[in-house]
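In the two assemblies presented below, chain A is common to both, partnered first by chain B and then by chain C.
== the complex of A and B ==
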């Protein structure tokens, strides 16, 4: 379980996170929703210890995140961080050198799944395919937790569908996923849990099947209530 | 297999309903194996946890059964199968009656209309099936 407890973060005078708390379970897909600038990416960066927080605590399976944690949790940022001149094969080799948890079998399977050619240079790929490579590099790690920042933004509908298919496959099964997005429609049926954010705080945290069951509301219905209130 | 899910009813309830319809129409036969949790999740493009929940629910309702170390199967219990069909028909009729009652149509006129429409539609379906 990933536990985010009352984290606060300021950039200069701007209070970006003002006491954010939520949990994300293993084996579940947790979705952080909020408009741009609400602090979604900052939360992911904080979980990965990429940015220091001013106060609060983040625990991964009950422990603080250290260098060793990165064999257990990975972050797929919204833009690929590999050198553009590398081919996909070279990028995979790089990951293999860097991480013990790299699983080449799974990477090969993902190449097929996304219909990518490993001899292609990253710089020559379309936006959609670059996003798929980015995803591949993260998903091929044998880690328990995966954080994904806006995996659907700016990508054509077929690529989005392909990426959404990953979520229902064994490539994700059993792992804990936190995904940020501002467009929920593609994944409404895929997510277990929703965390609604606004102005640095959590407005509501809920289980999507539970609100359908107990209140007959869709995730979008709840968003409308919460954000328009 | 394409199933259109709405966003307001629990997805697992919609999955159970989908199975009931398949059973009532004879698309799923007694004793037939059902897809694994993961297969169904990727076919229907929904969360594997949701499929798990749907299977649990169906097991509780006696729609499917699981023997040790083998895939779940559709029940052979005639009573249960009969009940599924009955339940779906009653539900559809209830919805129809509720919406038609507000227009106050005499029942004889209504029955005549239903019969006419029904024959007409099955003719069309029968016709297109041969195309």
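== the complex of A and C ==
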């Protein structure tokens, strides 16, 4: 389980996170929703120790994030995390070199799934295909938790569909996923848990299936209620 | 440890093309320079002998002998050395900032590797040191080669044959790059490594605190330099040489080690607790 406990973060004078708390379980897809600039990316960066928080605590299976954690959790940011001059094959070789959790069979499977050519240079790829490479590099790690920052932003409809298909496949099954988005429509039917953020705080944290069953509301209905209130 | 070595190899690979160009320019410039300088010398010598009826001895007495020392004072020789020095100095900053800026955000990957983040810092420093040593090694090989070439290009009467060590000791600036003894070598390169550590740590201050970090980084550089040079500064203030040269040397080595260790320690803190992508 990923536990985010009362984290606060300031950028200069701006209080971006003002006591954010939520949990994300293994085997579930948790979606952080909020408008741009609400601090979604900052939360993911903080979980990965890529930016410090002013106060609060983040635990991964009850432990603080250390170098060993990176064999257990991975982050797929919205920009490519490899050198653009590398080919996809070189990028995979790099990952294999450094991560014990790298699963080459799964990487090969993902290459086929996304219809990517491993001899292609990353810099020569379209935005959609670059996003797919980024996803491949994260998903091919045998980790328990995956964080994804806006995986659908700025890419074409077919690539979005392909990426959305990943969520229903065995590639995600059994893992804990935190995904951020400001466009819920692509994945509304896939998510288990929703965390609604605004002005640095969690407005509401709910289980989408439960709300659907008990109140007959979709995620968008709840969002409308919360954000318009 | 294995991941540190892999990172060193990786960092070297990333700069390799540009490094190859610098090596190519160094070799080409020095060899072409030797040919140009020697030919121009011999042309002048021939002109003096055939047109002005001077004997070789008279020409040498007026113009001096042709030796590798003449080459070392030309832009042909100094240019590529300066180019290499500037490129590697530039690389101290480039080696970090290229991972943050531009199309890629490779720093995410580097900071998410399942290894201590200080290994990234040490690997980047090691790669720069190895590249410096590589350029020095090429210079060490080039000097005897140039010595042989000089024998082909300039006849015995006009030539002063110098051993590579004599060329180096005849040229003060070159002695910093190619120190004469092992102690000098350790001192020159030890100080160089310390400077890399100090600058890397200052860069990490900037990357951690951004605009405020520039101030912190500048203060850190001033503080580290001040500590390292404190015995010399104090002697300057007192106005006497309070310490024997050997005592001063030992004190400087100790202070250099302290400043380097402190830089690594602070960098480790910044990389694990303060860094922001």
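In this section, the second predicted complex is superposed on the first by the 229 of 229 C-alpha atoms of A that agree within 3 Å, B and C clash if a C-alpha of one lies under 4 Å from a C-alpha of the other, contacts with A are read in each partner's own complex, and residues count from 1 in each chain.
By our rule, a residue touches a chain if its C-beta (ideal position, glycine included) is under 8 Å from a C-beta of that chain, and two chains touch if they have at least 3 such contacts.
Note that the structure is predicted; figures quoted are calculated from it, not measured.
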Aligned on chain A, chain B and chain C: do they clash or fit?
-> fit
Should A:45 be classified as contacting the first partner (chain B), the second (chain C), both, or neither?
-> second
Does the superposition put A:182 against chain B (first), chain C (second), both, or neither?
-> neither
First, second, both or neither for A:191, with chain B first and chain C second = first
Would you check which partner chain A:106 touches, where first means chain B only, second means chain C only, and both and neither mean what they say?
-> neither
Quick one: classify A:74 as touching chain B (first), chain C (second), both or neither.
-> second
Which of the two partners, first being chain B and second being chain C, lies in contact with A:165: first, second, both, or neither?
-> first
Please state, to the nearest 10 degrees, the angle that the Cα centres of chain B and chain C subtend at the Cα centre of chain A after superposition.
-> 160
Regarding the shared-chain residue A:217, is it in contact with chain B (first), chain C (second), both, or neither?
-> first
First (chain B), second (chain C), both or neither touched by A:10 | neither
First (chain B), second (chain C), both or neither touched by A:28 = first
Once superposed, minimum distance in angstrom between C-alpha atoms of chain B and those of chain C?
-> 29
Which positions of chain A sit in both the chain B and the chain C interface?
-> none
Residues of chain C touching chain A in the complex = 3, 6, 10, 14, 103-106, 108-109, 111-117, 272-277
For chain B, which residues count as touching chain A in their complex?
-> 5-13, 38, 41-42, 44-50, 53
Within the complex, which stretch of chain A touches chain C?
-> 45, 48-52, 67-71, 74-75, 77, 79-84, 94, 97-100, 123
Once bound in the complex, which stretches of chain A touch chain B?
-> 27-29, 164-165, 167-170, 173, 188-192, 209, 212-213, 216-221
